[in-house]
Amino acid sequence: MELIRRNGVELTLAGARVVLEAAVEHAQSLGLKMVVAVADSGGWLVALFRMDGAKLTSVDIAMNKAFTAAGTRKPTHEYAEIGGAGGAAFGIHASNQGRFTVFGGGVPIFVDGQCIGAVGCSGGSAEEDRMVAEAGIAALLRCA
Amino acid sequence: MELIRRNGVELTLAGARVVLEAAVEHAQSLGLKMVVAVADSGGWLVALFRMDGAKLTSVDIAMNKAFTAAGTRKPTHEYAEIGGAGGAAFGIHASNQGRFTVFGGGVPIFVDGQCIGAVGCSGGSAEEDRMVAEAGIAALLRCA
Amino acid sequence: MELIRRNGVELTLAGARVVLEAAVEHAQSLGLKMVVAVADSGGWLVALFRMDGAKLTSVDIAMNKAFTAAGTRKPTHEYAEIGGAGGAAFGIHASNQGRFTVFGGGVPIFVDGQCIGAVGCSGGSAEEDRMVAEAGIAALLRCA
Amino acid sequence: MELIRRNGVELTLAGARVVLEAAVEHAQSLGLKMVVAVADSGGWLVALFRMDGAKLTSVDIAMNKAFTAAGTRKPTHEYAEIGGAGGAAFGIHASNQGRFTVFGGGVPIFVDGQCIGAVGCSGGSAEEDRMVAEAGIAALLRCA
């Protein structure tokens, strides 16, 4: 039996900054003011930018989206239906001290088939938040 | 009047481990990666296993399911309807510091008609989580 | 600049169970009833055993010790002085939602110079808790 | 009576980034691994960098220091004595949902006599954290 595993891939601050730059640039091109948060594979914040004029309350939301996408290894929009009213996992949003986010904008980052972290965006629609997060990740994957 | 009760049945760590082994084995046979938590009759954690690759956020959810099932002496899926939107107990999920879980996967353990604890599983669908919890309990009841 | 890092070492459930077995056995040999929690490098619970008769309140404390030792990459007893009354970091115990623990019993696990997780024990004195955690880690390092 | 004030000075994301760059560079020159958080005048996070290898638990602590320094318009080390055991404000660290930090490393940013935000650093000693925060602010004031 394998007691420890030695093939880990980790996100660095340098990598997180590439994500932030690209995400902020993409949000700007869409005329959006966002908070962009990058977490590691444990859901811990690595770096965060709040664009000028973005909502203050988006700070918490973006962090929670990154936390949720890292922790579940899934984009948060996949929880919109099952975690919503009448869904099979309704109420899951109260778990993890209320940090579990059930709407779009949190996207995990996969490298070599492994989740190395996640991006959480808040400030636009759930769909826009997701697109911006994906733009940030795409930039990282091009460079890494 | 009965001032104390002498017929208590209590779950031991050894019993909880039987539950965990069986639940993990059952989850593996279904190709699922789960967190399995076992609580005593007071909802307090006795033992927990997070399978490799299970969601991090499932740790909290599995613990909450076991807590809820032990505390209510009912399986958590029974709250899905009444605790959901429009249900008679909507809002109950915010009680107990947000630990009250209103979807399936938490199952109480009864021995001699007495609730001695509960199992909470998270990682599959609510239905799968419940089946895995029940498999764990069945193994315990076979041995006990 | 290094955008991602590919040399990670990870703790598995199998590894965490080796820690738990050895720690519980060591606690028993000392006549102590403990909760032993094993966290991964992000501080997330991998596995936990509460020995029969251990304090219920030790569940939370053991989890917090493992969380703190994993998060700081240091044994928690190193915070006893600086985090105590009059210490340079007094008040740090209120951080991280009150989970930051400033007394002994949380010990990080290092493999290849990398923190792969931590063990938190609660039930004895701070010194006993630490010794039991170290016994658990020693068993893992012998096998891994 | 002045119903609104028109001479407000506000920190921008660009300004916060100057702080982060300088603080991280200064921490590196000291051989320290830190989390650096920059908050606006309301204590809300504007930007954050966690240096590779910094403690995970420092994320929360750095954010809390920036929050406290912005909210009090004072460096957090000024609370070490009065907020410590036997101090006149002992217990204050439990206020603001436990975010009130009573040890050094949080420093407010003043421009034109007005508090426009704060920097919180965590990862070194309270004294080192404070020096790194001040280095970040000095860089901003040189450019602004």
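Residue numbering begins at 1 within each chain, and the chains themselves are lettered A, B, C and D in the order written.
Just so it is clear, a residue touches a chain if its C-beta (ideal position, glycine included) is under 8 Å from a C-beta of that chain, and two chains touch if they have at least 3 such contacts.
Keep in mind the model is a prediction, meaning the values are calculated, not measured.
Q: Matching residue numbers in more than half of the contact pairs is the bar here; say which of C-D, A-C or A-D clears it relative to A-B.
A: Comparing each option in C-D, A-C or A-D with A-B, the repeat is C-D.
Q: Please compute the C-alpha centroid of subunit B, do the same for subunit D, then give the distance between them in whole Å.
A: 43
Q: Rounded to the nearest whole Å, what is the centre-to-centre distance of subunit A and subunit C, using the mean of the C-alpha atoms as each centre?
A: Between these chains, centre-to-centre, one finds 28 Å.
Q: Determine the centre-to-centre distance between subunit B and subunit C, using the mean Cα coordinates as centres, and give it in whole Å.
A: Chain centres of subunit B and subunit C, defined by C-alpha means, are spaced 25 Å apart.
Q: Could you pull out the residues of subunit C that touch at least 2 other chains?
A: In subunit C, residues 5, 12, 14, 42-44, 97 touch at least two other chains, as defined above.
Q: Chain contact graph: line, ring, star, complete or other?
A: Graph shape here is other: it fits none of the named patterns.
Q: Please list each pair of chains that are touching.
A: Pairs satisfying the touch definition: A-B, A-C, A-D, B-C, C-D.
Q: Can you tell me which positions in subunit A touch subunit D when the two form their complex?
A: 12-14, 17, 24, 42, 44-52, 56, 59
Q: Which stretch or stretches of subunit A touch subunit C in the complex?
A: The touching residues are 1-12, 14-15, 18, 40-44, 97, 111-112, 116, 140, 143-144.
Q: Applying the document's contact rule, which stretches of subunit D touch subunit C when the two form their complex?
A: 52, 55-57, 60-61, 64, 80, 83-86, 93-94, 98, 100-104, 125-127
Q: In the complex, go through subunit A and note every residue touching subunit B.
A: The contact residues of subunit A facing subunit B are 5, 42-43, 68, 70-74, 85-86, 88-92, 94-98, 100.
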